[in-house]
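Next come the structures, one after another.
Okay, so chain A shows up in both of these, paired with chain B first and chain C after.
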Partner chain A sequence: MIEQRFDAIVVGAGPSGNAAAYTMATAGLKVLQLERGEYPGSKNVQGAILYASALEKIIPDFRDDAPLERHVIEQRLWTMDDASHVGVHYRSSDFNEERPNRYTILRAQFDKWFSRRVRDAGAILLCETTVTELLRDPAGRVIGVRTDRDGGTAFADIVVLGEGVNGLVGQRSGLRPELKPDNVALAVKEMHFLPRETIESRFNLKQDEGVVIEAMGTITAGMTGTAFLYTNQESISIGIGCLVSDFAENQQTPYGLLEAFKNHPSIKPLLENAECKEYVAHLIPEGGYNAIPELYGDGWIVVGDAGQFVNAVHREGSNLAMTTGRIAGETIVALKQRHQAMSKANLAEYRRRLDETFVMKDLKKYRKIPAFLHRNKQIFGLYPKLFAGAAQTWLRVDGIDKRTKEKEILKSFRKGRTLPGLIGDAFNFARSWR
Partner chain B sequence: MHIVVCMKQVPDSAQIRVHPVTNTIMRQGVPTIINPYDLFALEEAMRLRDQFGGEVTVLTMGPPMAEDSLRKALTFGADRAVLLTDRTFAGSDTLATSFALASALSKIGEVFGPPSLVFTGKQTIDGDTAQVGPGIAKRLALHQLTYVARIVALDPDAATITVERRAEGGIQVLSTRLPALITMLEGVNEIRRGTLESAYRAACAEIVIWNAAAAGIGDLGKCGLRGSPTIVKKVFAPSPRAEKVQQLPTADLPAEAVAESVIREIFKRQPAIEGDLVRFSAGQ
Partner chain C sequence: MTMIAKAGTAEAGSAGIKVADKLFQNRYLVDAGRPHIKVRPHDKPSKALLSLTHTCPAGCYSLNDTGQVEISVDGCVECGTCRVVTAKTGEIEWNYPRGGFGVLFKFG
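The block that comes next holds the complex of A and B.
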């Protein structure tokens, strides 16, 4: 047992746990942070794009020394069929601003840096220490944690659960239900190393500029999911993910999908001569607003992926993790300063504060999207094919007049899906987007 | 009983890459670990402490970031950590390293009490010399027990120790008087995980940090590059001997035809061999 009693124990040193620990430690609270990995970031997986605004609110000068790879100046959105892609590219020199808005990062390095800042702020971090259980008093209030180390208990006024998507502590303690296969995606990712200059010439970049590609289509074999390719300084991150329930139903393997994606004619040349160095797999909570579990109780509070805070449509997760971590931290600091107990009633302030932020507003706006995508698989198979076919018909110069071509395109759409089906999809999509 | 364990932070050799173009070792981004052999020494030292009472001090010479390794040792359960760090130590060979460590050990003796036992690992995985332990023993006139596989008996009051030492051709059983220096063999024990308490103590602990002056080293000529007669003339990566594996079709072929096709492939890749063979058989 650790004799010292803490104001707060934080489980996990990912973006959510770090944001919470940092916020509390800078306010002078005694914080103990426990991380099961060998070092922060050793087990963490992300694309990864860092959204600056969420981190700026925590560490305004993070650009001075955070390990950032490239700032994103170009976004490509692709729908792909087996041989081609139709894409929208947005590139702007506005993104070369002094304080860029989005960066690619490598989580292992980024988490280490963030953790250094957390410890400099005064929090005590113990790695290779897994929290196994929450400790409760006879009244059921959470009063501390048990760890997998000998003599492994520690006590605090509140336990902040930043344990990630598959947070077993919360599940085992009955704070939230087990993950449902249709609420969580399984994503795999590889790192491919290439010399800087090659990346810059291949993607038409100047120093530190970056490109990201987000893709959907037949690459997920009809399942609900997306793929991505991000440029780092000297490597490319590439990955693909689909709902766990879809993998089970379709007998597909994530690795098989990734292999096919890498060999797609639109992707393959981008990876030519690269050396693959790392293969990882991770879950992403994608249930959205409706899957958010209970977020607080007597002596405990949930932040980040553990609370299902991911906006799957925009692939935002770490920023929601940091924001929920910060706001949980601020709530705890406020209660502490007012000498209020860490009770369920008082912690309701956390939810009230969250409701005011983009986190809850965005998740609420998209609350119908997960169900929509789950029910409308044609988005991932049929439409990409139709778009590609249309583009091909339109662009091929073969002596056929344009009006006939237009008719052909229309016909292909009508054949692929009935007119009411087409209209219905558009309508339903618009409705769930609203 | 005071026991000091000398350890070194080394690059994790399992993860070192050689730059494909320049053939130099790429140290950047390679994680560092405690020299694996030193962990056997540390565990053995802690077992003696647990049995006979006393303290274990870990000592390392290295850059400031070697502090990470010391904290890890504290997490495992060491009681105190001393970091010897100074630019003048840069470029030390085994002679200069054993000088600096021996000086620091004397200082540790003055400040925290003289050690009855000093442990080191058998050797490091980055230098592989196995010279530093014996060098320290010689400088401090400690009885020297190298390649120890087992500590058979220790009597702190009589100040005697008996160990099994692995030698060529067998096991030697050696007894000597304390203070002694032991270099520990691998595989003799397993480092403990450390309790939650020790992990917490490690995170909060003040590491004792000494530069050359603080360690009482006056003669800087014996330190670092200046004190190192060893000169590294050249570093090179051996060129890989084997090319990629190639499979030749053998199905249904008679043995001679298979042999023929194998030899032909070899000659295609190594024309020199063909020439040698031709010359050889002509000579016959």
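The block that comes next holds the complex of A and C.
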């Protein structure tokens, strides 16, 4: 394949692999990056929201030429029953700033752009090349990779595994276990196209302003999951995802759920006359802190989704991917500059550096949340119904006095969940959250 | 090796949603004769394997007349759900398609 020896081989050209490759190439390291898709992004899926701060630390001037869709000025959080939604919205003109904080993006286009910058920094990229196994020396140290490009091999001091949630290379090399069905969500998404003026009038937007909707409730048919709708320039990304274990135990199809969500009376008018141009599916690691595998060893290091770096509560993933990729890259560069080996002992610096960032701090804070959400399905079915019922009782003016309405609402909660149940849920939620 | 835009035979149970209509929009480069996922020969599928007939987001899995689960990988979006669901039973063999083959997301 390529007979040369490299300082580092990066497996995968998504946000984590690109961040690592860019960081190392910029520092002058010889970097080979391998991507199984026809082009970077061709196998990658995300909602997608780009969090500027993580990318700014890698490419400060990214706004000059990155393919950004809309900057987010409004976030809507909805709990839904079959006929309604109860929402908390936050919209602020403060988000119309010179350097906006969050953008919607289309990953296939964004990843292509990021990869261009990685190559401009000096990394060599080979696409249409699937890594099939890690190569080790007799002492067990990882020294390179074998690919399906005529069985070609490549050698380096370190292999950075940014291979995504389906990280077969690391898994089959025994670096980490197979994903557990209750630690991973399956999300499906469609891209619906509309004229930009239509999107702007439907969502009350000007120019490049954007809205994101995150929703939960009866739309996931009792399963642990959420749905979303993001506005792009000329399209709407709409999707829904639930734990794989829940899908396996229920009779729901992912596309059936998505179709029902699209036809919900709160969503349907937003998509009217739109043309669907793509249907995608992807896994999301949602096991959190407790599911993080071994992150490094002799000659290898893991970044991004392959390391379970997703904050499911806040729907953050690509920023964790870029940050872990950058920090892995910085650690490798530092070891290189100090002429230190890429050994397990030396790479422990990666974990120490990560512990100082929001990545580990947030995942640690929410370490009990995945299990809580998995065990407490009432969050996704019962409560949204109770909220919707309460809102309707309270808002409908029908000659019934307000005190009676209050009692009726309280009664519905007690009947639905019992008083000890309500207190227990509040207690358990608070304990998982802190 | 041909470009195709067909796939998926399964239908959503109650909703009657044809997933094939959704996959029709997607671009694939099919590695003809080299399916990247195989169902191992079996007499009776486990509950996990059977669940793939509704869990697979591309409707690739179906039940044949004699009660075995079959796969048609043409519409596969390479999510990995089937591998995760059957990891314990080991009833399927899952690999990435060869470099460059398989689904090609335009928007992702």
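Throughout what follows, the second predicted complex is superposed on the first by the 432 of 434 C-alpha atoms of A that agree within 3 Å, B and C clash if a C-alpha of one lies under 4 Å from a C-alpha of the other, contacts with A are read in each partner's own complex, and residues count from 1 in each chain.
The working rule: a contact is a pair of C-beta atoms (placed from the backbone, for glycine too) under 8 Å apart; a residue touches a chain by one contact, two chains touch by 3 or more.
What you are looking at is a predicted structure, and each value in this text was computed from that prediction instead of being measured.
In the superposed pair of complexes, A:Glu259 makes contact with chain C only, with no contact to chain B.
After overlaying the two complexes on the shared chain, residue contacts for A:Gln4 are found with chain B alone; chain C is out of touch. Within the superposed three-chain model, A:Thr147 lies in touch with chain B and with chain C [touch as defined at top].
Of the two partner chains placed by the overlay, neither chain B nor chain C lies in contact with A:Tyr51.
Of the two partner chains, chain B and chain C are each touched by A:Thr129.
For chain A, the partner with contacts to more residues, out of chain B and chain C, is C.
Residues 128-129, 147, 149 of chain A lie in contact with chain B in one complex and with chain C in the other. Those residues of chain B that touch chain A in the complex are listed here as 75, 193-197, 199-200, 203-204.
Within the complex formed with chain A, the residues of chain C that make contact are 10, 12-15, 17, 19, 22-23, 25-26, 29, 48, 51, 54-55, 57-59, 77-81, 83-85, 87, 94-100, 102-108.
Taken together, the chain A residues at the contact with chain B in this complex read 1-2, 4, 32, 124-126, 128-129, 147, 149-154.
The touching residues of chain A, when paired with chain C in their complex, are 36-38, 41-46, 48, 106-109, 111, 127-130, 147-149, 165-166, 168, 178-181, 184, 186, 188, 190-191, 235, 237, 244, 247-249, 251-256, 259-260, 276-283.
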